[in-house]
Amino acid sequence: MINFLIFLTLIAIGLSFIRFLKGPHLTDRVVAFDAMGVMAVSLLVILSVTIKDNIYLDVAFVFALIGFIGTIIFSRFNVVKEGDDNE
Amino acid sequence: MSIKQKISIQTISVSFVVSIMIIILLGILLNFTTQFQPTLGSDLLAINANSTETANAVTSVVTYFRGFDTLGEVTILFLSIFGVSLGLEGFKEKLNIFSYQNTLLKIGVDTLFPIIILFGIYVIVHGHLSPGGGFQGGVIIASGFLLMFLAKGDDFSINHKILELVESLSGAGFILIALLGLLVTDRFLGNFIPIGEVGELFSGGIIPLIYIFVGIKVSAEITALLEYFIRIKDVR
Amino acid sequence: MIGLIILAIFVSMIILAIFIIFNRDLPHSVILFMGFGLGSVVLFFLFSAPDVALTEAVIGTGASSVVLLVTLLQVRRKERKR
Amino acid sequence: MSSIGFIFIFLGILFLILSSIGLLRMPDTLTRMHAGTKASTLGSLLVIVGAIFIEPTLWFKLSLLGFFLLITNPLSSSILARSTYLKFGFLNKSGIDDLKDNK
């Protein structure tokens, strides 16, 4: 049962990985990166429930934090670069 | 040679390399689980069970058996921050690059900041019980400060003198604990505090103290590094 | 089942590395590098090394990408000013 | 108790797969963002609720993780949508531009 769920999560991560590879603009890649981070957090939650241990959830928390910081700093980078091109 | 021929040759060579790598990986992974025999790990676990008795054996390797290497790593990090500050300190007026105000981001980061700092302190303090430790918790705290720099713009700034003072005091505390160990037990970084029960919060001798000092030092250093990199002299 | 996940992550990391090298635009390379770091974090997690996974996630993916991106921004501004 | 948790996790992964299909098929950036952030937030929250039903001793860390995702994911999608608007301009052809005044 749990193997089937892990397989379905891998399908979801793979479909958004294709968008991550072929996205034409930078923002498409950032959106796909955010979605991949959330899907990988749920994959880590399922794996740590099967292992039945408390300590593996720290990695999932750090994963969510890294996805948030990456999205914020790339969106800021977009705006600053646009203002620079207008000069 | 035209561009189309270049692209086709590049694509063919890249796909050739990829196929060879996949074949080698398949060959390695097919007998990955059968030939695995623990040799060095069991020895280290036996030494750990005799001497320091932490729940997380990696911690006792990093701070107790190889504690001198940890001191060297912290010194290298300090030297790199010193070089960056030597190169970027001299400008008079410094403004944030990301000076773009947004009310939603300010409120959200104000909500998130205590949670991130508390999680970093949890990772540092529970370093001998669960994965993590000084370096990881310190960088988590520094990422919380990075979010504040991004959200608040020029309203949020940190005095560099206080950061340098905190960093120097924590480095001095590390060396002081190591010298106390040399004084009491005839070994640099020796253990002079009684070891408690395995699995409790107050256990493991001097390992939590060393991790607390390393965590404070690394968080101050990485915060100073990001603060130097994010500000620039001439803003349009 | 775990072997299948490990194999899929290995192959996707090799493809990502080739994309990082052959990309023309540098910010695209930085975000592809962040995806590479996430793949290696899942890989360390599956090999039951959560210490190394935490270090790679925090330092290798978070801090180094931020430093790369901000350095790219500063260098571009200096070049445009000239 | 465990079967309820498996049903929740299955529903959550269904939402994740729908979100990734929308991310792959939609035509431009803002609609991709619409598919890729809302549905994945709901899916990950359903997975976390199912994990709490399966293993009730981990409830504190799992609920903290759910709270963190519930705050950060809509926030980051909002910031990203605003920066996309500032970079590429208005993409739709309906003629209604709500963000024109408050750049």
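Order as written gives the chain letters A, B, C and D; numbering starts at 1 within each chain.
One rule holds in what follows: a contact is a pair of C-beta atoms (placed from the backbone, for glycine too) under 8 Å apart; a residue touches a chain by one contact, two chains touch by 3 or more.
These numbers were taken from a predicted model, which means no experiment stands behind them.
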Touching both chain A and chain B (chains): C, D
Chain pair, B-D or B-C, that carries the greater number of C-beta contacts: B-C
Mean-CA-position distance for chain D and chain C (Å): 22
Centroid distance [mean C-alpha coordinates] between chain D and chain B, Å: 30
Between chain C and chain B, distance of the C-alpha-averaged centres to the nearest whole Å: 17
Geometric centre distance via CA averages, chain C-chain A, whole Å: 12
Chain C, residues touching no fewer than two other chains: 15, 50, 53-54, 58, 62, 66, 73, 77
Multi-chain contact sites of chain D, meaning residues that touch two or more partners: 64, 68, 72, 75, 79, 82
Chain B residues counted as touching two or more neighbouring chains: 97, 105, 123, 131-132, 136, 140, 143, 146
Touching chain combinations (by label order): A-B, A-C, A-D, B-C, B-D
Chain A residues within the chain C interface of the complex: 3, 6-7, 10, 14, 17, 20-21, 26, 29-30, 33, 36-37, 40, 43-44, 47, 55-56, 58-59, 62-63, 65-66, 69-70, 73-74, 77, 80-81, 84, 87
Contacting residues of chain A [partner chain D, same complex]: 1, 5, 8-9, 11-13, 15-16, 18-19, 25, 27-28, 30-32, 34-35, 38-39, 41-42, 45-46, 48-49, 52, 54, 57, 60-61, 64-65, 67-68, 71-72, 74-76, 78-79, 82
Touching residues (chain side chain D, partner chain A) in the complex: 6, 9-10, 12-14, 16-17, 19-21, 23-24, 29, 32-33, 36-37, 40-41, 43-44, 47-48, 51, 54-55, 57-58, 61-62, 64-65, 68-69, 72-73, 75-77, 79-80, 82-84, 86-88
Of all residues in chain C, those that touch chain A in their complex: 1, 4-5, 8, 12, 15-16, 19, 25, 27-28, 31-32, 34-35, 38, 41-42, 45-46, 50, 53-54, 57-58, 61-62, 65-66, 69, 73, 76-77, 80
Touch list for chain B against partner chain A, complex: 97-98, 100, 105, 116, 119, 123, 130-132, 136, 140, 143, 146-147, 150, 236
